[in-house]
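Note that the chains take the letters A, B, C and D in the order they are written out, and that residue 1 is the start of every chain.
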Amino acid sequence: MKPILRLDKVCKRFGGVVAADDVTFSVLPGEVHGLIGPNGAGKSTLMNLISGIYTPDSGKIFLDEQDISDVPSHMRARMGIGRTFQTPRFLQRSSIEDNLLLGTDLANQFGYLKSYFGKKGSDFEKELKELMKFVDFTFDWEDDISALAYGQRKQLEIVRSMLSHPKVMLVDEPAAGLNNKEIDDVMALLNYAAKERGIGILLIEHSMDMIMNICEDIVVLSFGKVIGTGCPAEVSSNEAVIEAYLGRDVNA
Amino acid sequence: MLKITDLHAYYGPIEALKGINVHVEAGKITCLIGSNGAGKTTLLNAISGTIKRTGSIIVEGKGEIIDKHSRFIARRGIIHVPEGRHIFPGLTVRENLETGTVNWHGFFGRQPYDKELKEVYKLFPRLEERKNQLGWSLSGGEQQMLAIGRAMMARPAVLMLDEPSMGLAPLVVQELFEKIVEINKQQGIPILLVEQNARLALEISHYAYIIDGGSVKLEGSSSELKNDPRVIEAYLGKFAKKN
Amino acid sequence: MNINTIVSLSVNGIAMGMIYALMAMGLILLIRAIGVMNFAQGDLLMFGAFVTCALTVDLKLPLWIMIPLALISFAVIGVIFMFTVYWPLKDATYPTATVISTMGAAMALKEIATLIWGSLPRSMPPLMKNPKTGKAAVLNLFGIKLQWQFVLTIIVGAVLIWLVFVLFEKLYAGRMMQAAAQDKYAAELLGIPTILTTAATYIIVVIMVSTGGYMIAPIFMVSNTLGSLQLRAFAGVVIGGLGNIKGAIIGSLIIGLVESFSTIQFSQYKDAVVFIVLIAMLLVRPQGLFGEKVADKA
Amino acid sequence: MEKRMKIKPSTLLIFLAAAIFVIVIPNTNEGYSMMIVNLGLIYAIATYGVSVMLGMGGQLSFATVSFMGVGAYITANLCSGRNGINMNTALALVIALLASALLAFGAGLILFRLKGTYFTFATIGLVQVSWSFYLSYKPLFGGPDGISNISTLNLFGFSPKNYNDWFYILAAFVLVIAFLVERVRRSQLGRSLAAIRDNEIAAQTLGINVYMTKVVAFTIAGVLAAVAGSLYAMHSQFVSSDMFTYERATTYIIMAMLGGVNNTAGIFVGSVLVTMLPEWLRFMQQYLQLIYGIGVILLMVFMPMGLAGLASGFAKSLKRKLYSKKKVTAGKEGPKQ
């Protein structure tokens, strides 16, 4: 199968700090691909490189085998790179409906005029209904986003991203701050996105339980370098990975 | 030296600390380990008074500080070296070190601080070499040294270090941790160390707490915990155990 | 255009540029310390001009009493300004609110000045008078005649700017202020009293700006329209490059000079010329003249 | 798919208030006081531009007066018999609209090379440039004397005879523009602007072209200002540069902030209130500006979202009391329509 997202020798430095060092890996459509590594390993930098907030110093990024290394951030989003953030980013003073419509807007880029006449984009409500089956909470359209609890907002951000019909979805720590039930729901949602919709998912997560449970493939980063790849079992028994996480014995 | 009882703290909507009890003994290195998002950094911020918290934090000989503003906590010698170092980027190395003295020196004071400066330069000779460089131009390791040196200028009663190894190359980390041990041994300053690099932290510390989900999951002397499989589990989850 | 005009236009331009520089530097100090731009900068200058005018003209105080008294009142104004316009809003969720409140402060200052001193422009005697005629003294420099007031403005402005640099570079308290401006969180952790450093910043800024008002009071009339001079300082800040103090000073001097020389050709459009230079500049170098450095001192 | 055509009580209330306003005001005022109300309506149109920029997009711009000037002087030149041209005023309005759209688009392309505070500084530059031309360039702007003898509006043969006639025309304009602006807020453009206001980087990752969206908002604001300027010229039959100063520009921002910068009804209330305030507070005229200034500070401290924020906060707490337990649900059954 052709990879949907491919990084080829991507490098990025900030001053003296190497945030991404020759990173090469690829994500297949319909796959949940874990991206793990200790704090400061460069995971978020990599997300920012993929979604175009930073441009790589060298190396290339391909979406669907098309080079997008020089494409500006908003165009990458339109080409199908969806993303969620560590702390969900919503319009603070807008209704939940408006916030969700932002996702649909992305899927209907030329809907400016249509939206002006009150059109909502194709099948917005039907699709939302479909996705809302996975999350276990209720809301009122008109409520401000602040009416939702933190965990609910995190789930809704994934829903919003899916409304934009991405080819690849970058999901940044979806489980942080969520309770166990919510984590299960998020996993079901991500599984659905990958298996039923064929979206390639790149998942940063610190909850190893979640990573090991849901990912088919994992990349481990440390100091901007890929230090291990493979399936969960391989990775969790990889000595280099354990060392990156727990550190090396001083005397070892 | 520092006795923390039933500490709760909030980061926006999340209850980040759910009743933590931690004791920092005089002259010892106490470490807090645990995976990212466990609440380690929050604990330090709660102690140094930069976030809202409830419970009790008693400094030996100096009383309760839970209701104190962060700058009065600093004046009691509780010095927090924050995650990400927070060097003043537009000040030179020397000036950065100088800012460390404000908690005992006072805003308009005129006491000399040559002695402290000399000691910090002795501890980190690299800082003396670069004393006229601006903070932002230093490498990550040097910045971390500067942050610790700046805290040493403050005549700390307790030193709290947040992830000093973050983003540093292994050799630099090694050097840095030797210095941390040296500070503790030679000057007897108790250290509360937050680290993700658990093996290293357990190696140099005397007592350790493993934090997960905002509460203490496990505690014990570092030498015991070093070989406890539950430590690995706290990091890599229960799946790691199967292998 | 002979050398005589060139020199005197340059001196006038630099003098005005110095006034703008005082305001511009104050703007940047405030932006750095509290992250807010101050739209009352010009009205603080106006207020300073009125205060000094009242002290010299109404109370007829000699210079050696007037100056300390003026400085004390500027400092008090600075503290009052901070605690009314900035402090209640420091945790505001809507960032523009703080900016708008400075606009309100500008109006209030203008009106307080009018209520106290009336709406008619007042005149202020120049610092140096010709003892015979009683008119403004003129400096004769190799046959080039320059107004002493302009020369003094340049000197006072330069000295003030130099003093502020000395404060920030050489004094312990100044470095603590710099530190607090660069990273409030780290400063708090070290025990730097950020409320004190912020208040000190306000005091310094008001003293700088108000002294500027004192210096130009004899050149213009003292009236509540002096506030509009702040617009040139804004231009200086943008030309100098986004938050860079040295750049803002140089930018302000450029603005002063452009303004001064444009009076030869198109005096009624000098505002336009100044700002067309600004906009042209933005087209060529959106980051300003000195806009690239990552971190800068003071 | 069910349509949600439910009209909210607050909307109903606003329409009711508007209807009362339109019926009561012209029947209780005439002449001078009517003129002041009319000015409030004209300013409201320009303030809607501020609302699009600042309320929706979070961009603080002073350029309102520059584009009001464009509208006003185009109308003045085309409809006053100066230069021998005396065009139909409605046509002049359309020309003013198109010209200002072009100018604002171009200016936006330049000014938005800057961000945040520096963008604001640059708009002040624009205000100064335009104002000094309006003040000094006689051939087009009449110099300090301004331009007088401008024809009044002629809308398909109907021409207002007095200020009361004007009131209805202006009220209609405001209503239409308020409706259009409200539609912008609820459209993709409005959401994009809101996303930019909250976080530009997150907006980019949602596929929003931050730069162009800002430029479009600036253009809309410019056009609204120009329409207001054009109507002002016809209404007062006179324009001069002191309508287009920096100080005036701050007034529009304050009008928007008083009413509620991101609230369509609030903008209208704020504009009219700020315009009427000097008339109501005549007896304490000498303290007026002072009260105004201090009022602005207090407003920012206690209700940064303006009167509308106050009202919606009040409405929310009322709603909570009334239907505290009745929660509309979505969840497993899908979102409630």
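Convention: contacts are C-beta pairs under 8 Å (C-beta built on N, C-alpha and C of every residue); 3 or more make two chains touch, one makes a residue touch a chain.
Note that the structure is a prediction, hence the values are computed from the model and not measured.
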Query: What is the distance in Å between the mean C-alpha positions of subunit C and subunit D?
result: 33
- line: Whole-angstrom distance, CA centroid of subunit A to CA centroid of subunit C, is 49
Task: Between subunit B and subunit D, tell me the centre distance in angstrom, where each centre is the average of that chain's C-alpha atoms.
output: 53
- request: Starting from the mean Cα coordinates of subunit A and subunit D, work out the distance between those two points in Å.
  value: 40
- prompt: For subunit A, which residues are shared contacts with two or more other chains?
  reply: none
Message: Counting only residues that touch at least two other chains, what does the list for subunit C look like?
response: none
Field: Where subunit B touches two or more other chains at once, by residue number
entry: 136
- prompt: If each protein chain is taken as a node and each touching pair as an edge, is the resulting graph a line, ring, star, complete or other?
  reply: ring
Query: Can you name every chain pair that touches?
result: A-B, A-D, B-C, C-D
Statement: In their shared complex, subunit A is touched by residues of subunit B numbered 12-14, 35-37, 136, 139-140, 163, 165-167, 169-170, 174, 177, 195-201, 203-204, 231-232, 235-240, 242-243
Field: Parts of subunit B lying in touch with subunit C, wherever the complex brings them together
entry: 48, 50, 70-75, 79-80, 82, 86-91, 95-96, 98-100, 102-103, 105, 107-110, 134-136, 150-151, 154
Query: Which subunit D residues qualify as touching subunit A in the complex?
result: 1, 4, 8, 183-184, 186-189, 191-192, 194-195, 197-199, 201-210, 262, 327-332, 334-337
Message: Show me the residue ranges of subunit C that touch subunit B in the complex, using the header's touch definition.
response: 172-173, 175-176, 178-179, 182-183, 185-194, 196, 294-298
Query: In the complex of these two chains, what residues of subunit D are touching subunit C?
result: 54, 58, 60, 110-111, 113-114, 117-118, 120-122, 124-126, 128-129, 131-133, 135-137, 246-247, 250, 253-254, 257, 261, 286-290, 292-297, 299-301, 304-305
